[in-house]
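Here chain A shows up in two complexes: once beside chain B, once beside chain C.
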Partner chain A sequence: MNDKRRACLFIQPCKGQTERDREKDVNDRQLENSSANAPLILDVVAFGLSIVGLCFVEFSRLFFIPTTIKEMSSTTTTTTTNIKRDDTRLSNQIRPIESEQALLNKADGSAKFSQGKSSVLAAVYGPIDVKTARKEKISKSVVDVSFTPATGNTTYFDKEREMLVRNAVESIILTLLHPRTQINVIVQVYSNDGSIISCAINACCLALLDAGIELNCLISSITLSFTHDNQIYLDPTQKEENNSKGLAVYAINSKSEIVMTKTTGIIGESLYFQGLNIAKQSCEKVSAYTRLAVRNRIMGDQTQPSTTTTNTNNTLVEESKDKEMKDSS
Partner chain B sequence: MYVLDNNNNARRSSGGSGRSSTIIMLRINRCDQQQKREVERKKEIVAADSVGVGDMNTKIDQFVVPGDAIGQIDDLKVRIGPGLLQNKDQVVASKAGVLRFSKFHKFYWIENEQKRYVPQAEDMVIGIILEKHPESFKVDIGSSSPAMLSAYSFEGATKSNKPLLSIGNLVYCRVLVANKDMEPELVCVSIRNKAEGFGQLIGGYMFNCSLGLSHYLLSEDCSILKIVGTHIPYEIAVGVNGRVWVNSASNQNTIITTNTILNSQYMPDDQIESFIIKSLAASQPV
Partner chain C sequence: MEAFQKVHPLEFYKKFLERSVRPDGRGLDCFRKINISTGSIMTTDGSSFVKIGNTSVIAGVKAEVALTPTQSDNSISSNNNNNNNKMFVNVEMGPICSNIFSSSKPSEKAMSLCSQLNSLVNRLEINDKELYFDDQGKYSWYLYIDLYCLDYNGNLMDACVLAIMSALKNVKLPKGIVVESSASEAPQLFKDTEQPMRSLNIGTYLIPQTFVLLNDYLLTDPSLEEEKLSSGTISITFNDRFEICTLLYTGITSISEKILEQCLEKTKKRSTEIINLIDNCCTTINNSNNNNNI
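Take a look at the complex of A and B:
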């Protein structure tokens, strides 16, 4: 049944480019073949996107197109786990998470969040006066995110990441409680070793909790990479991202609603939904970690952060450490 | 226009009776559905109560994060404070922290270590004068927008006898109006129109701390201030906006008091005394 369901085009390919035209033709043919099932998927996906309020698709790489029917059928035989990755992880393992809160004195809330060698510092200032009157909103507070890379100037890639983080983070802040104010979130990348957007969103959540800003719920994010042999790698490193066929970033809140998804590259539809299930499970784990980290900061280190090492399908190995800044400050 | 005939059938006043009756039927159906829904909702609430979700007391002194359901309001006299939101008859946390409950006031709130102050009426705060106007002052109290302090809201102030405050001075004041849509208003008199400690803070030293610490310093079970008082005579003004002002006979003693208060968060009460004695000994000239 899954094979018959076809993903649909969201954007019309640019004219005058043969490759895309060809892809469109393929897609149109597939649509005709399975016209009965197609609207259902459109609805599902459109629903997800409408929640997000963010329809982000890279024009250079079409989103969600099954390239050939052969490939679609091959996607069903995926997620045979226990394939070792370069860093001896399994495909369903995330890197060790480490976090640190309230490490900045001046900021209202700050947190450092690292997944393996990717590490990000987020600082929250607010609610403060709106600096530029043009941005001011009468009914709610403005959430301003600035994303600074580890080295070099901010490029348009960083602007894109900034927008993704802002959309994800704004959805959990109760902005209506502080009208005509601004909440500044500053994201500084320490080191980038893949899944940097997820790392930034997780850091922002921790920093917002530290700042005591009123939130709806928690948010957590995870990146998946889809390899050429149809493996799904959780929490990819930079090298795995570069070698992958497609990438998907999911941000899911603690009510397990999808807040943001962003995909690049070519991903089959069944793979995408498989990835979504994996992402939901791993986001729960990340949320649980965030909860534990904040609890340890506020109530003291009562329980040692758990180290789960279950290797069944779709579970994660999580080695969590939490450094306390209390003594040093 | 529809009318009901003798057989209780709806009929359009200008013909077309068949269609109009169906419309009425639709309306009736909708009413039925609404009633059914309400009944179902009530059943759900009853079910939730019997399970024990309705009891808010189970989560007192426990750690909560945003989105956690605290319980249901079954007693209308319950008051919910900072960090808690009401969603229909359910109470949901909106901050990470420890749920606290005051039996005397029937008051629930979330205690956390935040730094940013959000004004509340009747809070005692320490402000810094930002601007001077003929009849008022702009005061920074750490909130998102500066607060307004009328020059006539000091004890004994008249049009010819205004307080002499300049930019950068500290004032200990009370929040009179706090509204999310308006700038906060301050007064430097108590409810009885007397100064009673409010007004300008002269000399001394002001430092910032978390809101949690400032609330703790004002609470009854705070022993730090008493312990410090047995060794050093000092004056203190605690603003719930995370600002504390300390004054004593010498600068050394002021600094020791400040350090003791700031470090008290990270050490048990029985270590505080030895900390003060050690720092007093270190400050003595050899």
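Take a look at the complex of A and C:
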């Protein structure tokens, strides 16, 4: 498996941004962010953690400062308002993203995508012959998605997720290029800690790129949770999802167009469109990450000493996360 | 003409849509006639039959009594938590409604619809006390709502939501008596037949509306053929305070924000009509029941 390179993430930070931010603790950062016209800052704290001199895991922390969030919480602008989340994240911060490509031998393309503790493996086969003749389409290829949860049998909730992922993925594949064929996408959830549909769509995009299937653009997805006090949390964990008033999943392609959107719970109309703007900004970042991951896999990682890994294990992820926590606090 | 429709359905539609009319004679914003009747199945605790054009759905509610689960602190009014559900929706789409479904296993469409409706039924704001079997609420009613699609001609989501609403409005629950015999034996449950049956107090109305995008035209209340040809489907459900309860867009093309806003506006405009429709069907039934008693 030595030829399978680990896609390392490294997003070039703004000049001087990283050093400055590392010195500050979370609260200071908060103060800085809430200053009047802070532009959209892409704050990247990338870590390379070397274990036994072999494995590299890198994380990025992406910060978004949409003005809408500030306006909403303006009534209670103490420094602690935004750090209500259990994992010390800000409301407009997504969890560390990690990905790995080509980890399956048999599949034409495969990718693992993790957002915090939510982790999904996607495999792509195709274009292949259509297995069931009645599904076959004369003018284009059929996209078939199967979504398998981490534990238990597939329930009707998983069938719905399957449908959502299929719709999102089908919109970016150039299906007209391969008529009378089928493209199989298999999604296996490793662990579910919220935002699982988004995580699955992101994984599928990376796997499709890895399989070399012709796409018309990239797709990325983000979940937002709307709390009872009208806060918008980006990329919620399972607990935040459960305690939310409403949830919205957005899938947005790299042309910044809505491809799929789904809400559950109760969301006010204006909040939904506020969320849409935030989602568009954050999907851009996820797309940027996807691009970088693919580039690093194909051209090699020029920014970091290139390493090959045989596998990644969970403990590794945990350790680096701990380190990250220490670093930020 | 018919051959043209079969061979080039999309071209056929285009010819119509250019003139802002649909092959079935409706304008782009026109919806089909909705018929709702309730109480047609006597063996259920509440039932309804909804017809939107040719799409017909029949709903039956079955009430069962069970111990109320003890409330834990972290599961209050949660969104995705299914532990506290007292209403369960099941959708059946057998081969009777369309030849695209088989009788062996439930189709993906039915399952995803079922999942959406299950989360939607919790948005009805039915108080827990409404479902108490006895006064203390030690036992509660659990409602199983079964929806059968009899004829599938598009826009099933709207039909199902209306069927659920009207079936729940039709539900009559008897008051219960719990007789505790001894500590070791399970208490016996009786229905109090002397007291009048009560109907459920439903906190809000759900206003569903489905649209499809076909050749960049936005069509309201799509038929099956329009759904098949469409490049995207938008399903919206509002409650009566105009908060979004579901907003689902799926499709192979992207959708602009403007169209989304347009759809939300159109749904709002239709709210009074839907509310009247549901109210009317329930009141007429009540009157007829009274007549029967006399």
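Operating definition for what follows: the second predicted complex is superposed on the first by the 220 of 329 C-alpha atoms of A that agree within 3 Å, B and C clash if a C-alpha of one lies under 4 Å from a C-alpha of the other, contacts with A are read in each partner's own complex, and residues count from 1 in each chain.
Assume contacts are C-beta pairs under 8 Å (C-beta built on N, C-alpha and C of every residue); 3 or more make two chains touch, one makes a residue touch a chain.
Note that the structure is predicted; figures quoted are calculated from it, not measured.
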item: Clash-or-fit label for the pair chain B, chain C on chain A; value: fit
item: Touched partner set for A:247, first chain B, second chain C, both or neither; value: second
item: First, second, both or neither for A:269, with chain B first and chain C second; value: second
item: Touched partner set for A:255, first chain B, second chain C, both or neither; value: both
item: Which superposed partner A:157 touches (first chain B, second chain C, both, neither); value: second
item: Which of chain B and chain C A:109 touches, first, second, both or neither; value: first
item: Touched partner set for A:199, first chain B, second chain C, both or neither; value: neither
item: Which of chain B and chain C A:187 touches, first, second, both or neither; value: neither
item: Touched partner set for A:295, first chain B, second chain C, both or neither; value: first
item: First (chain B), second (chain C), both or neither touched by A:167; value: second
item: Shortest CA-CA distance between chain B and chain C [superposed frame, angstrom]; value: 15
item: Those residues of chain A which chain B touches in one complex and chain C touches in the other; value: 253, 255
item: In the complex with chain C, residue positions of chain A that touch it; value: 156-157, 159-160, 162-164, 167, 170-171, 175, 241-248, 253, 255, 257-269, 272-273, 276
item: Complex interface listing, chain A residues touching chain B; value: 102, 108-109, 126-129, 172, 174, 177-181, 209-218, 253-255, 290-291, 294-295, 297-299, 326-327
item: Chain A-facing residues of chain B, complex; value: 63, 65-67, 83, 85, 94-98, 112-116, 118, 144-145, 180-181, 211, 265-266
item: Chain A partner contacts - residues on chain C that touch it in the complex; value: 74-75, 78-81, 106, 108, 111-112, 114-116, 118-119, 123, 239, 242-257, 260-261, 264
